[in-house]
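Each of the next two complexes has subunit A plus one other chain: subunit B in the first, subunit C in the second.
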Partner chain A sequence: MQFKTADLSAAPVVLSIRQLSVGLSGETTKVLDAISLDVREGETACLVGESGSGKSVTSLAVMGLLQKGSLEVTGGEIVLDGNDLLRLTPSQMRRIRAQRIAMIFQEPMTALNPVMRVGEQIAEVLKTHTDMSAGDCKARVLEIMEQVHLPEVPRIYRSYPHQLSGGQRQRIMIAMALVLEPKLLIADEPTTALDVTTQAQILSLIAELQERHGTAVLFITHDMGVVAEVAHTVHVMQHGRIVEQAPVESLLRRPREDYTRTLLSSVPSLVPRHVRAESRQQEVLEVRGMRKVYGGNGWFLRRPGTLAARDIDFSVVRGRTLGIVGESGSGKSTVARCIMRLVDPTEGEVRVAGIEIARLSRRALRPHRKHFQVVFQDPFRSLNPRWTIAMSLTEGPLNYGMRYSESFARAEEMIELVGLPRDSLHRYPHQFSGGQRQRIAIARAIMMRPDVLVADEAVSALDVSVQAQVLKLLGDIQQKLGVAILFITHDLRVAAQICDDVIVMQHGAIVEQGPAAAVLSAPRHEYTQQLINAAPGRHWDFANFRELETA
Partner chain B sequence: MLGYIIRRVLAVVPVMVIVALFVFLMLRLTPGDPAAILAGDSATPAQLDRIRENLGLNEPLHTQFIGWVTQMFRGDLGVSLISKTPVSTMIGQRIWPTLNIAVLTITLSVLIAIPMGVIAAWRHRSWVDYAVMTFSVLGFSVPVFVIGYVFIQIFAIELRWFPVQGYMAPSRDFVGFLQRAVLPAFTLATIYVALIARMTRASMLDVLGEDYVRTARAKGLRENVVLFRHALRNAAVPIMTIIGTGFALLIAGVVVTESVFNIPGVGRLTVDAILARDYPVIQAMILLTAGLYVLVNLVIDISYTLIDPRIRY
Partner chain C sequence: MAHATQPASAMQALLGALSLPRRWRIGAGPIIAAVVLLVIVLSALLAPLYVPYDPMQMNSLNRLQPATADHLLGTDQYGRDLFSRIMIGGRVSLLIGVGAAVFSVLVGLLIGLVSGFFRIADAIIMRIMDSLMAIPAILLAIALVALNGPSVWSVIVAITIPEVPRVVRLVRSVVLGAREEPYVEAAIALGSGMFGILWKHLMPNTLPALIVQGTYICASAILTEALLSFLGAGVSTEIPTWGNIMAEGRTYFQVNPGLIFWTGAVLSLCILSINLLGDTARDMLDPRLKKREA
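Right, the complex of A and B next:
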């Protein structure tokens, strides 16, 4: 593993945060508690921590963009080039933004104005902060767009954000941030919403531009793999405090604090878990020759549809887990939706518990729906906020004619099975954390005693430590109930930890399939190899604080 | 884009056919003889026969309908039973005051309400916000005629800034038009300002929480640029909808204001026609109002695609 080791102690300090405290307005609760850190010219300082640790608040405080009326700085200083930013007037602060400090955000789709051409959004920065003529502005924008390696620059200049891919949008964000060559770039989870291969490209782009301009980078992430790739120094945050700061290599090899150790140990390993014995159980889900074409039947004109999945063949037996791995647009979610008949497959067979369901009418399908249940990605949106947990859990069985007392008893049993107390049933979703809500979503799914549990990116929205717990829970439930799990994920690390078998999808087709151990440690298809090579920190065994032996 | 507009315009046809059918059947399906209704109480059998002959009431229903639609298309909306003048002439005289006041009202409402809503959202939960919201509730709840009479009392009778009542065509004397139209327009605008300000505030509150607003601030843009260039356009779709429907409602629903300010508009024409059972006028007004609603909705739908490039049908 090649870490960044450059000695930057001689380089001038660009940003110095001293004893910065931020509190909720009108309350004594501290969101940030006296944090201090320096970022030097050419340095990448990583702020790592789980959600709620205060890393984004730190970055917004530096930008002077804390939400008015809810968060305010209560002490300390933020020094940039010798000026305390906290003492500047709003108009002085506006001049600092984009010129001295720029920021890129996590979600490039929502961070760009959807109704404005992207070229104009970059040009706006120049028009606000310089007195360049319109022609010079445009020339400079085209130049910076070239620098971030966007293709067909003149066409993209005129495009709206929704016409670009995620990677292109993030390149636009980077171009916008760097067009005035700021001294400090704050990158808040800049690759979290991107596919791994795109992530690798964006990370190397940031590194390239940093090297060219000597920019100081404050890089916020929750992903230890990314930290291992990009950081010079790492600041680990928890509950609004910095618990440990160290150069990247010593932090990963010799973490001093317990919290850092826990955090690192939770990172799922890319090495597939030990192989479970082949099961001779019956097949509970069998898919043959499935194909899905979206659209293509307009009222007036027949347009060619979009081929989202083709030649899909696989089967899952009771008690085993099959992973479907792929990047966005690979068709993995389409496959899941077809199996659950949330959409109708165009061709092919889907057998669940021996019954062919691909062609059943909605009405004829109803009695079979209980055989397959799903857990979705975002636990904040998949539970009805106005319903108690008991209502969410018992709804399914009640629909199948179970008596309320019986289904409530089962709800009590299931909520304990997922590790929550019985009285949770009388509470509402907002009273639970993300991890707890995902447990509730799992309890809801297993209420129906399904044969197949479909987990659609079920741990992707969770922090690593919570992720590890939920993965373990899924494993335990599988052992107790013998349910087959279809696990859809973009995350190879997660797939390596939970799947017995893996399917790799690209452009709607299966490119490789087999036992997880074989596919992930010795990939045969070029695309699988690409995916694994793009996984950040792939040579490092985080949980054991050393290089991966197999690497 | 052009394809969408053409498809959208074609979609107007079935709606108008259904409306026309309804209006046509209204007279034919009412209990009793349409000729008797049209002729009034003091008609002789000979007159009834002549009316039946004229209207083609002896022919099959679908022939009648086609004939009637053709007649409508030629601009022949029939003759008023009461004044015996062509309905098209009557509406032609009365539509302009209503339209002019409507345009003035909507312009005023938009100019006042949008900044109000934007500022209320920007200063969410401040005294400005509460003031705007209080005004909105009042604007909704006070009846139009009360506002009208209060305005007349204050601005026309006490302060003598404007005439009490009346109407002047802007083509004859624009200043005279404004003098007479300002009070009714403000009266009508109260409710629309309340409505549009509220909608603007709600829509802006959603948008101000969006990431691209944070991006705009991170670029070092001034607040007014952030609010009006970045946020408002993203918040515009629901606001446009309210403005459009508001305008359509203004044409058909200004009876009270027209009465209070003694304006010779279509609102009063309609009410008089209903009271007098002047069927040809009622039919024409239903057709006209429906057509106007459809047209306004068409314009709103097309405006969406101009506001937001993601909207393609």
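Right, the complex of A and C next:
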């Protein structure tokens, strides 16, 4: 593993945060509690922490963008090049924001104006803050667009945001941030919304530009893999405090604080789980020649549809886990939705517990629905906010004619099985955290005693430590109930942790299929190799604080 | 939230002292509106118990009197007591307002649910609703009243029909948004039937919007009733309603301005209060505010 080790102690400090505290307006609760950190010229400082640790609030405080009336700075100073930013007037701050500090965000689509050509959006920054002529502006914009390696620069200059891919939009954001050559770049989860191969490109782009311009970068992320790739120094945050700060290598090798250790230990390893003996159980889910075309049937015109999945063949036996891995648009969710019959497959067979369900009408399907259940990605939307947990859990069994007293008793049993107290049943979803809600969603699915559990990105929205717990829960449940799990994910690490077998999908088709150990450690298909090479921090075994032993 | 930061009035200070949860802390305006509306509704409901004169009783010696001790607000061109007429007239006006609101919300909810959930029904229903919206509401009302004769029920129906498409669109848009929610898909996976999903998962989502819409319909129905009566296409002229009183008073406006002024004042106060309460309900039921508190 090649860490960034450049000695920067001689470089001038660009940003210096001293004892910064931020509180909720009118209350004593502290959101940030006396945090201090320095960022030097050419340095990448990573702020790492789980959601709610205060990393985004830190970046907003530096930008002077704390939400008025709800958050306010209560103490400390933020010094940029000798100026205390907290003492500046709003108009002085506005000038600093464009010329000295720039920021890139997680979701480039919402950060760009959808009705303005992207080139003009970059040019607007120049027009507002410099006296350049229109011709010079355009030349400078084209130059910076070249620097961020956009293809066909003149065409993209004239494009609107929706005509670009996610990676291209993020490159535009970076170009816009760097066009005035700021001293400090704040990157708030800049690659979280991107696919892993795009992420690798964007990370190397930021590093390249930083080297060229000597920019100081404050990089906010929750992903330890990204930290290992980009950071010089790491600041670990928890509950509004910095619990540990150290150069990246010593932090990953010799973490001093318990919290850092816990955080690192939760990072799933890319090494596939130990191989479980292949049982000779019957196949509970069998998919043959499935194909799904979206659209394509207008009333007046026959338009060609979009082919979302084709030639899908696989099967899962009781008690094992099959992972479907792929980037966005690869068709993995379409496969899951076809199996759940939330959409109807265009062709092919889906056999659950021996029953062919792909061709059944919605009504004829209802008696069989209990054999296959689903857990969705977003824990905040997968439970009806107006219902108590008991109502959500008993809905399914009641549909199949179970008496309420009986299904309530089962709900009590299941809620304990997923590690929540029985009195949770009388509460509402908003009283639970994301991880707890995901446990409730799992409990709701296993209330039906399904043969197959489809988990569609079920841990992707969770913090890494919670993610580890939920993955363990899924494993335990599988052992107890013998359910087959179809696990859909974009995250190779997660797939390596939980799957016995893996399918890799690209452009709606399966490109590689086999036991997890074989696919992930010795990939044969070029695309699988690309995916694995793009995984950030892939040479590091975070949980054991050392390099990964290559088998 | 803009309100409830510092007590701006005695009323607000009192509410602050009660330390209500933040979402129930409201300004003084809505409370005054609620009190005014309550007074108007109660005085209309209880009118037969306390009004000094029979609102129909004519007295040719006492025509177009200004306000006196005997006649609190004066009399109209037949010598009928204006105060009694306004109070009794409120009963019909409010009945029409509430009736039109309840009917259009109920009908709109049913049609909107079906339209939002079933694709094919949607295509047909929405085209019918579009064509209903293309008809001018007042003309439709006049035509319906002309067909069915003047009565409270035909006025309610006449006001309800043009309101229904708006409610349908509202309900449909909420249902279209909610049916894509993962919890609805989870319910499908749990084997819930279509009607169960419609009723148990989707319908409750529409209630906040419907309550707010209902108050607006109520206010506009009271106004429309007044307008229809004023045009002579409303409830029979013998029955006092706020619209009828003003329609008849129009001719004698210069002799006794109170005929229009007092009736109009009560009508305006009533509409203003209802609208204010509707706005407050909208603010309190706004899902975005709720999310922030959760």
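Following the convention adopted for this analysis, the second predicted complex is superposed on the first by the 550 of 551 C-alpha atoms of A that agree within 3 Å, B and C clash if a C-alpha of one lies under 4 Å from a C-alpha of the other, contacts with A are read in each partner's own complex, and residues count from 1 in each chain.
We adopt the following convention: a residue touches a chain if its C-beta (ideal position, glycine included) is under 8 Å from a C-beta of that chain, and two chains touch if they have at least 3 such contacts.
Because the structure is a prediction, the values reported are computed rather than measured.
*Asks:* Which partner chains sit in contact with A:I503 here, subunit B, subunit C, both or neither? Use first/second/both/neither.
*Replies:* In the superposition, A:I503 contacts neither subunit B nor subunit C.
*Asks:* Is A:I17 contacted by the first partner subunit B, the second partner subunit C, both or neither?
*Replies:* Neither partner.
*Asks:* Is A:A98 touching the first partner subunit B, the second partner subunit C, both, or neither of them?
*Replies:* A:A98 sits against subunit B, while subunit C stays out of touch.
*Asks:* Tell me the contact category for A:M448 with respect to subunit B and subunit C: first, second, both or neither.
*Replies:* A:M448: touches subunit C, not subunit B.
*Asks:* May I ask you to decide whether A:L47 touches subunit B, subunit C, both, or neither, giving the answer as first, second, both or neither?
*Replies:* In the superposition, A:L47 touches no partner, neither subunit B nor subunit C.
*Asks:* Of the partners subunit B and subunit C, which touch A:V62 in the superposed model: first, second, both, neither?
*Replies:* neither
*Asks:* Looking at the overlay, what does A:V31 touch: subunit B (first), subunit C (second), both, or neither?
*Replies:* neither
*Asks:* Subunit B touches which residues of subunit A in the complex?
*Replies:* 63, 65, 69, 94-99, 102-103, 105, 107, 110-116, 124-125, 128-129, 160, 162, 173, 176
*Asks:* Taking the complex as given, what residues does subunit B use to touch subunit A?
*Replies:* Touching subunit A from subunit B are residues 124-125, 210-212, 214-222, 225, 230, 233-234, 307-310.
*Asks:* What does subunit C use to touch subunit A in their complex?
*Replies:* For this pair, the touching residues of subunit C are 181-183, 185-193, 196, 201, 204, 294.
*Asks:* So in the complex, the part of subunit A that touches subunit C is made up of which residues?
*Replies:* Touch list, subunit A to subunit C: 340, 342, 366-367, 369-370, 372-374, 376-378, 381-384, 386, 392, 395-396, 399-400, 430, 441, 444, 448.
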